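One chain, chain A, links the two complexes that follow: it is found with chain B in the first and with chain C in the second.
The block that comes next holds the complex of A and B.
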């Protein structure tokens, strides 16, 4: 349902994406792993056109777009059918928890306040924030902020969930609560793309693992293929160093 | 040397200038905040050409002493207005422009350059991650601005905006140069009648301090109330 072809992007003279190909089928849970600075986050942001690739194409079901000819209708259509969870949470600081979840429904989807509220209550219950509805972001822990972010993303009923290192800026003791929620989301059958450094978690929840290295997809396979029998030497080296830390 | 007997009558005299001073300050504050915000948006959005013009404007009006701008406006504004009016075929005697209008225009021109920096700083304090989130959810730029950015930017700007108001209050005393009577000018005039200069200026100091206290305290409370929500 989602197909990226030959994505290229550079910041100044630094090449970040060097011809990335990635296709995701409906119902896939794909984890993207790899060393820092290899373009994992950038790749995710390209899907929502938050960064602008120099070249490449994106296909989303029947939609097709060439990044050299950006098309606002296609960009907006893809944004409306995906939802993103960010490393830095990026909840709206001027809104309460429930307002964060309701606002996109009211502003973008033009739902009535009552309808938006009903959906928000449901999603916030799912992420375990029913007791924090009227709290402002400044009053919440990182784990609660991220769960707000996840509820906000779920509420728009996306076809694809994009998780960008959702636990990387959390205190270690808060990682668990967020991973539990993500596991619940991905096991519900929604197509998901997850950039993560939590190797064990990626192995457990994904049906596919993509290893990115130096701006390209260097290995792509089932969790067993990637973790238990890494054929790529860079991948083996990366896994060794990651596992040495964990 | 110091006569406390004149304090009360002087106080009433000088208090008479407070409403005019505050009204002019408020007018300049509102106008310069609007103009400064426009300048800041030009810089924030990196609008070509206009951006360079804004930088040039800021250099000019931050650099030139306000009193010079006031005199330039005093001698230059009436003929300029008259000329502009004649261009669109309106008969207008530019020299009938009241001096308080000239003062408001001159100070607005100066303070706008400073307000532009205040608003620009507040805009820059907004973290772009929230913009990413909004765009990824399908917000349009105007919706992001109205729903998310503006409420946060206003709170961030409040302390500096309160500062600007006090700067304007004090800058109005330069209006005496073109015969506009504010708190300072009224103290000068009052003292000139009875020669009790020390007493009159002491009263002016107290009035300025009371206004500063109210503005600072008020801004703090508004900010605290709004900050709790961000």
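The block that comes next holds the complex of A and C.
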């Protein structure tokens, strides 16, 4: 359902994406792993055009776009069918928890307040925030903020969920509560892309692992292929160093 | 000297001072919004003119800006072939609106830029249009950040209204001078002291209003623990 071809992007003279190809089937849960600075987050943000690749194409179901000829209608269509969970949470600071979840439904999807509220209550219950509805982001912990972010993303009923290092800026003891929610989301069958450094978690929830290195997809396969029998020497080296930490 | 005569005489001119202040406040705010929008969106050509306007408003002394308005406006009016309606009061309102708008744009622009990139990203990723993003997410946060600077801008504006006497508008300052001269300049100190009290009161009221909005918005304080500030009038 999602197909990226030959994505290239550089900041100044630093090449971030060096011809990335990635295709995702409906229902896939794909984890993207790899060393820092290899363009994992950038790749994810290319999908909803938060960063602008210099060249490459994207296919989203029947929608096709060449990044050299950005098409606002296509970008908006993709944004309406995807939802992103951010490393820095990016919960709207001027709104309460429930307003955060309701606002996109009311403003973008033009649902009635009552309908939006019903959906928001349901999603917030799912992430375990029913008791924080009227709190402002400044009153919440990192884990609660990220769960608000996940509820906001789920509420728009996206076809694809994009998780951008959702636990990387959390205190270690808050990681668990967020991972539990993500696991619940991905096991519900929604197509998901997850950039993460939580190797064990990626192995458990994904049906596919993509290893990125120096701006390209260096290895791509099932969790068993990637973790238990890494064929690529860079991948083996990376996994060794990651597992040494964990 | 009889204060009970002098003070009412000065207060008689207060409505004009207030009218000029409020006109400049409202027109300046609208101007600042438009200018800031052009400047942050970097609309070609228009944003360069906006930059030029802001640097005029911020770098030319306010007295000079008033003279420019007073002598320049009739020329502009003449271009449009309408009857000259430019009185000192109108020139004062136009001149100060332009000054205040440019000054305020340099309060709003940094406030807009201070809103985290991530807030834009989140709104964009959810499909908000630019307008929706500004109205719902970025604008309210930017306004909150801008409030202290806005309070300063208002206070500077009130001070600068005192300069309109140079182009012949009869505000409290100009009236004070008339009163002093009529009294053979015997009570200059006393008159200026009363004038100072009037301006202090105006600024205090402005400060209280801005402070009210600061407190009202502090519930979504952008920092986790808002700094405890004692309620001291800093005007």
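In this section, the second predicted complex is superposed on the first by the 246 of 246 C-alpha atoms of A that agree within 3 Å, B and C clash if a C-alpha of one lies under 4 Å from a C-alpha of the other, contacts with A are read in each partner's own complex, and residues count from 1 in each chain.
Everything that follows uses one rule, which is that contacts are C-beta pairs under 8 Å (C-beta built on N, C-alpha and C of every residue); 3 or more make two chains touch, one makes a residue touch a chain.
Owing to the predicted nature of the structure, the values given are computational and were not obtained by experimental measurement.
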Point to revise | Overlay on chain A: chain C relative to chain B, clash or fit | key: clash
**Study point:** Touched partner set for A:208, first chain B, second chain C, both or neither
**Key:** neither
Exercise for review: For A:94, decide between first (touching chain B), second (touching chain C), both and neither.
Suggested key: both
Exercise for review: Would you sort A:108 into first (chain B), second (chain C), both or neither based on which partner it touches?
Suggested key: both
Practice item. Using the superposition on chain A described above, determine whether A:50 touches chain B (first), chain C (second), both, or neither. Key: both
Study note, to complete from the structure: Overlap of chain B and chain C contacts on chain A, residues 45, 48-50, 76, 79-80, 82-84, 86, 88-95, 103-104, 107-108, 136-138, 149, 152, 156, 162
Point to revise | Touching residues (chain side chain A, partner chain B) in the complex | key: 45, 48-50, 76, 79-80, 82-84, 86, 88-95, 103-104, 107-109, 136-138, 149, 152, 156, 162
Practice item. Show which residues of chain B lie in contact with chain A when the two form their complex. Key: 127, 129-130, 132-139, 143, 147-148, 151-152, 155, 228-230
Practice item. Would you pull the chain C residues touching chain A in the complex into a rising list? Key: 116, 118-119, 121-128, 132, 136-137, 140-141, 144, 219-224
Exercise for review: Could you please specify the touching residues of chain A with respect to chain C in the complex?
Suggested key: 45, 48-50, 76, 79-80, 82-84, 86, 88-95, 103-104, 107-108, 136-138, 149, 152, 156, 162
